[in-house]
Structures are given as C-alpha cells and as structure tokens.
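Both of the next two complexes hold chain A, though its partner changes from chain B to chain C.
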Partner chain A sequence: MSRPAAVSRRSTKTEYIETDTGNKISRRSHIEGKQNIMLGGKSVIMAGVCLRGDLSRKTEKTAEGEKETSQTAISVGRASVIATNCTIRPPMRISRGHMIFYPMRIGDNVFIGPNSHISSLTISSHVHIGANSVLSPFCVVKEQCKILPDTVIPPHMIIPPGSVVAGRPAQIVGEVGEGWGQGGGGEGEEWVEGGDLRPLVRSIK
Partner chain B sequence: MASAKPPPPSKPPASIHPTAVIAEKAVLSGTNRVTIGENVVLHPYARVRAENGVVAIGDNCIIYERATVGCETTSATGAKGGSDVSIGAGCVIESNAVVEGQIGECSELGVAACVGKGAKVGRYCKIAAMERVEAGEELEDFTVVFADGRRRVSRTMRDHESVREAKHKGQMMAVELMRKMIPNSAVKWTM
Partner chain C sequence: MASSSFPYTQYACPCTDITTPSSAVTPPSGNATAPGSSDGDSSIDERSFNPHDPRAAYALLPLDHLLYCDECNAIKCPRCTSDDILTWYCPNCLFEVPSSTVRSDGNRCARNCYQCPECTALLAVTAVPKSEADHGTYLKPEGADARTAEAFLLQCQYCDWSTLDIDLTFTKPTKIAEQLAKYRQARQSSVSAASPDTASEDVKTVSSTPISHDLDTAFANLTAFYKTQLATSRDAQPHLSGPYTTSATASNNTTPYTSPSNLHRIMSLYGNNSLQQKPTAKPQPMREAQDPAEGLFTYTPTQTPSHPFQDPHDLLPRPFSLRTRRGKRCRTCRQILARPETKPPSLRFKIRSPALHHIPRLLLKPLNPPVPAPLPETFRLRVEEKGDRAASLSASEGYKQGTPEMYVLIVRNPIFEPVKITLATPAFAPARAGAGGAGARVTVLCPSFTVGAAGDVWDEALGGTAEGGRGAAMERLVGKGGEGRLPEAGKVWERGRSWAGVVVEIVRGGERSGTKGDGNPQFGNGDGDGEEDEVLEIPVFVRADWTGHSAESTGDGAAGGGDGRDGKHARQEARRTTPERKQQHGGEDSVKIPFELGYWCVLGLEPLRA
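Up next is the complex of A and B:
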C-alpha cells in the first residue's frame, strides 16, 4: 500500500516552483547564492542547472565603516529559458590589482541549450544557444545571434548582432538574415528560435 | 548531536590540508586515500572519486563544479594500478571535466575536457574545452590541445619565465578570492 501513496504525493509536488513574477525554477536545479541572482520574470530554469550567484563582486570595505555588500552576480531577462544541466558562472579577472568576479547579464528571450557552459559577460536579447556549447569568460554575444550546437566561443570574443556562430574555436559562419525570430504561431509551432519565447515558457509545466 | 544520522557510505580516508576549501556540496567518494594539498578549492558539486585508486590533488588547485577527479570505471582487464590519479600544484580543472590520468603542475583543463585513464599530461599544458586526451597518452610540457585534437607547444609559456610567474600570481589571487567566498566544510570529510 505504500507505493500508491508515494505516487499521489509526487503528483501534488510539481517539477517547477513558480514565483510571483512567473519565473519557473526546477526543484532539481542547483542554485548557489540566490540572493545575488535576478530573474526578470517568465524565465525558466530547468533541472540540473547550476547557477553560481555566490561568486559575486564584493564591494571593498570602505573607511566609513560601510557594510560589505555584494551586487547582483547573474541577471536574466524576461522569457529566457535555461535548459537542463547548464552551468552559469560569472567570469573572473584581475582588475586594479585585485581578482574580482564580474556581474553577468543575460537578456530577454534567450534560449540556452542543454549542457552548455556560460561564463560570458553579456548575452543580449533574442539569442539562441545550441546544446553543449561553451561560452568562455568575458565573451559578449550581441542581439539576435544564433550559436550552433557544440560551439566553443573563446575568451573575450565579441559576436556582432545577427551572426551565426559555429566551430571549435568559434567562427562567424553567416548571418541570421531577414525574418529571424519572425513567424511562428502556426500549427504545432508556437515559438521560433530567436523569437518571442513566451509560448514556450507557458508550455513548460 | 552525536546521534546525528550515520555518515554516507564509503567516505574515503582523506588527508586534507587545513587551508584547503571544500564546498559543502562537493563530494569525495570511494575507499582509497584522497590527499588534498594546501589552498585547494573544491567548488560545489565537484566530485573526487577514489573508487579504484588513490587521488592526490596538489597545492593551489581549483576544481570547478561538476568536474570529476578519479577513475570511475575499473579497467577492463581488472588489473591493479594505473587507476591512480594525481594533479600537480596550481592546476585548474574546469566544469564537467574528467580527470582519470595524471596532470603535471600548473596545467589547465577546459570545460568538459577529458584526460583518459593512465594518460600523463605535462607541466603548463592547456587542454581547451571539450578536447580529449586519450587513455595512456603522454603530453610533453607546455602542450596546448585545441580545435578538435590539434596540438602545439606554447613557446610563449616555455621560453618566458615571466609569463609563468604571471600565471602563478593569477592563480594565487584566484585561490585567495575563492577562499573568501566559498564556505569551507572540509571538516565533514576529515572527521
């Protein structure tokens, strides 16, 4: 009799916790330092995602006895989806003689494919990142880019808007062209890469 | 307090230097000896697997989340030896990387890179993201593995003492920073 009871308990406990602003966070995600992470609303963090909010920039102790505060380490925009088993860690480097972590920004409607590793400085809006990609520290991805699966973007690379990127190390292999992110709304195709991801977020339960 | 829940199975005998930082969610498993040197930083979800051989991690290493150090699989022949894993001083092991061989000092292993069983990686090597060093392979000092298996020797690193010194300095600063940020729970593994 113990088995059916276990099933019923499971069904009441959903995979995702939904916040007031509509963010969906998997119970199986690994989030460190949640006080330093900002989610814009309607964003999804799937199972096994590792967010390192604990690695944030600490303000220097000032002479006025100001309290040591840490600022937002990871900020994610609206309707962005972070797929399973991604690792997101802010980048680190020496600045003015001190090693510090830099806060990282992820824009709106960004899709990050499964098993990716993200240490970039900025990812702008409407970017689609394929599975198993590695974004090395301090790379910058501008608007409406498409990063193909298994790409390794080297440190400090800046990807101009509308590029298609692939390879190890990454190269710009083309442009996304007109109509990137347009369309959708058809039968069984509620969302497109680089477009509005809200229908996708809605479908994740 | 003494009657807390029993320790998880197969906690390895560990000698952890008092200055090492082991995050609460890092995992040490297996039955063989684990040696962790001074100022080592083990990030959350890093795994040290001592199931099939001893694991030694040198001073000032940084092992990032979800990296695996140690042989998970027994050798097909069942032969003993060759499953010991050692990492030299000042190495960086990135996320999702797997170390089943030996790595010399100050080498860097990229994201999801893999060093196969019994492989020997020299000093100051750099293995880029998603590259593989096959089992039994040997890499000479200053080798760089990149772009889907291409190899070269980093002459900058080899010929310039100052570059190596700068690398040491950066590593020390990184270790210093992380020591301040990651709560240490090394006690859990030494008791």
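Up next is the complex of A and C:
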C-alpha cells in the first residue's frame, strides 16, 4: 500500500506532494483514511478532491478481540487524473442491518473531470469522464468509454466498453471511434481523450 | 460541427461527393480540384471544399472515427465501410446472445435486464413485504415471518417508478420475463374479453383499470393490413416474367396502384429491369396504411412526446435492447479494416487500421501561445465561473478583426517513410452563408515541405527530455524559444523527427472588414461584435507523397506509431498478413512504389471575442 502523504523531497511550497511512485497529491485535497487508499503511480489528485478512504469494509471478527483490519477502499491505477473538486466515495448499502462498503477501483489513464461525484464500483482503464458528472453508487464503467460533461449515471448501471454516454439519466448515445485513445501523448501533441495521460500528469505542477 | 475544443481538425472522407466509393485517391469531385491540378492554383477558389455545405457536415469527421484501407490506399469513413455483426450482447448484463436467439426471440435481452419506461434507467428487483404491496400498510409486527411473505417489484432507482404504479408485483425475484409475459397475456385477454379480472395466479393485478384499446386495435389492424399486402405481393409474383404478361394482368385489375405487385409491375414496365432481376431477391415497394381501418395511428396534439400513452398503465418495464459488436470492412475491396474481439466485457481489436496511423495529421496552435498555455476544453482541470471563463486565456486571445493572427500548423507523420507534404488552402475561407461572418484570408507561409519518418515509440520516449520535451527541443533549435524569430515565407517554422510546423497567417474579416478597419477602426470593431459567435472553418487540402515498399510497410508503421496499448496486436496483425501479401506482390518487395494521398481537412478556430 503506498502512502499518499509521503514526505516530500521537494520544498514545502509546492502545490503538489509527489510520492516515491510519482503520484501527485495536492496539499489542498481532503483525504480520509489514507491507509485504505492505493495509488498506482503517476496519478494526480488535484485541489479540493475529497477521497473517502475511511469508508472501507471492516472485518467482522470481534469475537476474540482481534484488531479490526480494513480493506482497501479506493484503488486508483497509473496515470489517472482526478481533477479539482471531485468527490470519490466508495459505494455502500445496507445489508442485514449493517452498512457494507464496497471497494472502488479506478483503472489506468482515467480522466475524471472537475466537480464530479464518483461513487461507482469500477471504472476501467482509458475512460474519460467529463466535468460535473455524477456516477451513482454501484455503476460500472467499462474500458474506453467517454462520459460527456453533466451526465448523471443512475445506480447499478453498467456501461459496456467503447460507449459514449450522456444524459440525465445516462443513456448510451454512441460509440467511440476505432482510433479512440490512439496517437496522443506524443511530444508537443495535444492530449487525446482516453489515451496515455502521462504527458498531462507531467504538465501538472 | 460541434467540437469540444478549439482549434480542432476534422477530416473529410473522399467518398463524400462520389456516389460510389472509389479506390482512387481523389478529393471530392464536385467541388474540389483533381489531384493532378492541386498544385496549380488557377481556379482553386471556386473548386475548394466548402465546409459550410450542408453535406459537408456528414463528410467531416474527427480522425479517430476514420479508418484506412491499405489495399485501396484510401481513407474510409463509416459511410464507405460495411459492418459485419460479430455478436449481439446485452449492454447491461454483457451476456452474448446467439444470433439464432436474436432471430427467434427478437432484439431484446431475455434475462432480468429491464429499463424504466419513464426514464430508461435500470430497474432493480426489490423485495417488499407482501403486506405493504397488498395494502400499503406498515402495521405488520416487526419481523413477523418477513421471509415467506415477500413480494418483488421492479423499481427504478433514478426516478422511483416501480411496477407498483401499474399494480404489478412478482412472486419470485427470478424469471421476471416469464412473469411479465404472463401479466401481459392476462392483460391482453382481459382487454379482448373486456373483463378486468382474468389475472393469472403468478402475477397479480391488484386493481385492474380499463386499458385504452386504441393502441392494441391499431396494431392489430396494421398487422392485418401488412399481411394482406404481403399476401397480394406474393400471389402476383409468378406473373412477373415479362412485360407482356404484366400489361395483360394490369388491364384486368380495376385498381392499379393498390397492391405492391401492381406497383412493382408498373415500375418494371418503365424501368425495363425485369429481365435481369430475380423477383424474390428484391423487396417490393409497399403501400403504407392510409386510414385508421388499415391501422393508421397518429398522435393527437394532447399527447406529449415523452408520454405518448395517455394511460400510465400502458407503461411496462422494457427489456434492454441488444447492442452489437461489429467489424468493419472496406466496401471496395472487402478488406477487413477493424475487427474487435467478440467478448462483450472487453474491447480489444484483433485487427485495426485506424486512419491516424496512416495519414499525416494536422494540429493548429497559436504561434505565441498565452502563458500558461490553455488546456483543451475536454481536459479542463477546474470548472470556471462565468467571469473566469471570459478572463481565461484562449488561443485567439488578443486578436482583433482584420489583424493577422499567426498560427503554427503542425503536420505529424505516422508512417515509416519520409513524406512530402503539400498544403493548399483557398486564399479566402468563406463564412457560413447568412451567418453574418466575414470569412478570413488564409496564407500558408510554407505550403510544401518534407516530414521525417516516424520511428519507434522508444526513440520518441528517449529523445524527449523528461521535462517539457517540446520546449526543450525548441530552445535547442532556435535559441530563446523562438522569441526573436520572425516567420519567413518558404521556411518551415519548427521541425521534429516526424513532424514539422509551418506558420499560417489568418486575417479574419476578409477584404471587406479590412478596408473598413483601415479607414474607421470603430466601425471595424462594431463588425467584430456582430460576428463574434461565428466559428471560423478553414478548408485545407493535404497532399502526401511518399515511396514505400508495399502496403504492408505502412501497416508496420502503424504498429510502431501506436501507443503500445494495441501495438502488440497490430504487430501480430502485420506479421500475419505479411506472407499472403508477399505472395500477392510476388517478390517485388524491394521495388519502391510511389504512394500519393490527398484529402481535405477543416481547421476550426474559435470565434473572436469582442
């Protein structure tokens, strides 16, 4: 488990704290339950982002007084960018009178636009989420999807790979082209949605 | 065309103005120059691509939607490729549905996947205590045999619609389709018998209300009408052998236009194509229903489009309609251009030949970008307020009507051979007719240059320094970031290993506004206010010439140019296709073949702010 708030090797004046694996975490982000959050490396968490790692499933072995161990609540892949003022909250539901939290997985090269509220179960790799989106609890976004800005994805919705999704509630409005995510990331080239986000991560300072 | 960020580039498929897709590399024939004469700019003004043509909206596509056929050596858009359906699958449960099931049971998921009829969100099976479903009371004692007395309903978690709204509950959480079918059957029989209480034992209609018959009867009428139409057309088909018999039977018929067979007969008389065609193969023209007795059903103005049914009891949970996974083929040579794997939960391509691995791509950016350079619209990292938005820097910041705007047009070469690029733009890019815009004068300072070959991804990675590769390269090339340099005609502005940038000068407002601006600056500004909403679209004709070994060398280039994610697949594909190609070309691999490709692009520029 990587420690998100590792000691910075740079001067303390910078906006971002960079971890050993290259994650960039804004000093102005709100992170709860750091020990339950995994970042894959080269991922960015920007200012105002709220990560609720404290909402994790606890093991229910309190019989012999053994200490509670909790699982990973949020895991983010490599080179994913969570833009400003997003809220990432693992999904939960009540089962047999107990609130059960489910771990949330975000893949590699995922862009989450600003002011989004993410509570989905899984977001696969190469997904582009537009600004002001709401991903309701337990929704699953498969790989290479594009979610247009201001979309509200209803709970439990599953978005098949390669879909373009929009609307309130979200509907599949199209398919991404065959070249989705290709050809970007080159030197001096503009970034491509769903493509390699490492240049974008590099540019955020 | 709507695009999320400026400046954008869209590519025109050459099939646009050619009715049959052609393998030859020709720009749109109707309003464009022929490839041979593209260098001579004698009458390019009249024959250039018009981005404001109504048909241009269908021709222009972002590059990731285009494919490339290396047999035909041409760009292929969705309109000049044919789709092969590989599998059907439900978008919700991602289960593959065999084609036989699709044919027999229809294009719907037969599992427990239902959409809300109100808002299309997913319906979830929810358990409720039976007492609540039956009487709507919560008075049952706590925990009193809750397990056995459960009823189930489908509930929308977005808009809170549930099957209780149509007085429908299920006895078990599985086999919803079966239970729904029973409910529907019961309802239909109740409609036909006009008795409301013929519900089955499985599905309970608590308080059935009379359902409007209009739709059902209309549908029954319509099916009857189509059946008679089909029957008459089938009966008449044996008489379709020749024009003599058709005229004889036509004279017997008293109403000559009513049945499709007669229509077809008349058509064949004048078209005289009855000799070549197989009568069974072609669907025949059919008359549509003309009055309510035949099943014609029109909406009355009182019905809103979102609720065409007046009775909310007509709403039923909708099973998800299936989606397809499709492969793409070139229409001309049947070559497979894209073939995804059939497993619905993943999207990997066995074969893929996207155009952005084969054709030079264009990127326009301002010569002196504002600092810090703005992110593309889709990669905005923070949402700005209204005031911030206006104050934020943009590509065309600081430019006014009639003053020259300087841009760098970067041409990037994805293939493994050096490519000679020739750019051509109309001297005057026209504005949309009637939109009030004035267009712009466009000058490409260096219209003809060479771009180096694309290399391996590794070269790119090792060549670029860790921090802002491009800026460093620029400084290496031109000392102080190009500050002191002036754009020069005939010179490439900046150059990388597989890309080159040339300066483009754009003067918006054209001659009209320019002269006004000279004489009376305020007047010119006034013009600018009126035109600020107009997106400027500049057509550019790109011609690429290169020499390559054969078709597969470009395919190989594509494999290297990929970002590594599907590079493995592409390489496999290249390796797989190599032997058969070699046989085709029969040892002339060493011979260099000249290739040439021409296509139109449209560069979209942000409207000027006043």
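Operating definition for what follows: the second predicted complex is superposed on the first by the 180 of 205 C-alpha atoms of A that agree within 3 Å, B and C clash if a C-alpha of one lies under 4 Å from a C-alpha of the other, contacts with A are read in each partner's own complex, and residues count from 1 in each chain.
The rule is simple: a contact is a pair of C-beta atoms (placed from the backbone, for glycine too) under 8 Å apart; a residue touches a chain by one contact, two chains touch by 3 or more.
Just so it is clear, the model here is predicted, and its values are computed rather than measured.
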Contacts of A:G130 with chain B and chain C, given as first, second, both or neither: second
Touched chain A residues, chain B compared with chain C: C
First (chain B), second (chain C), both or neither touched by A:W191: second
Chain B versus chain C as contact partner of A:P169, first or second or both or neither: both
First (chain B), second (chain C), both or neither touched by A:H30: first
Chain B versus chain C as contact partner of A:K142, first or second or both or neither: second
Partner chain(s) touched by A:H156 [first = chain B, second = chain C, both, neither]: second
First, second, both or neither for A:R52, with chain B first and chain C second: first
Overlapping contact positions on chain A, where the chain C interface meets the chain B interface: 115, 132, 136, 152, 169
Residue ranges of chain A in contact with chain B within the complex: 30, 32, 50, 52, 54-55, 58, 87, 89, 92, 94, 98-101, 115, 117, 132, 134, 136, 150, 152, 168-169
Residues of chain A defined as touching chain C within the complex: 46-47, 81, 83-85, 111, 113-115, 126, 128, 130-132, 136, 142-144, 152, 154-163, 169, 171-172, 176-193, 195-196, 200, 202-204
Complex contacts: residues of chain B adjacent to chain A: 25, 43-45, 64-66, 94-96, 110-112, 128-130, 146-148, 170, 173-174, 176-178, 180-182
Of chain C, residues touching chain A in the complex: 61-67, 89, 91-94, 119-122, 124, 156-159, 323, 328, 337-338, 344-347, 349, 352, 354-357, 361, 363, 365, 376, 378-383, 410, 412, 414, 460, 463-464, 466-470, 473, 496, 499, 561-563, 565-566
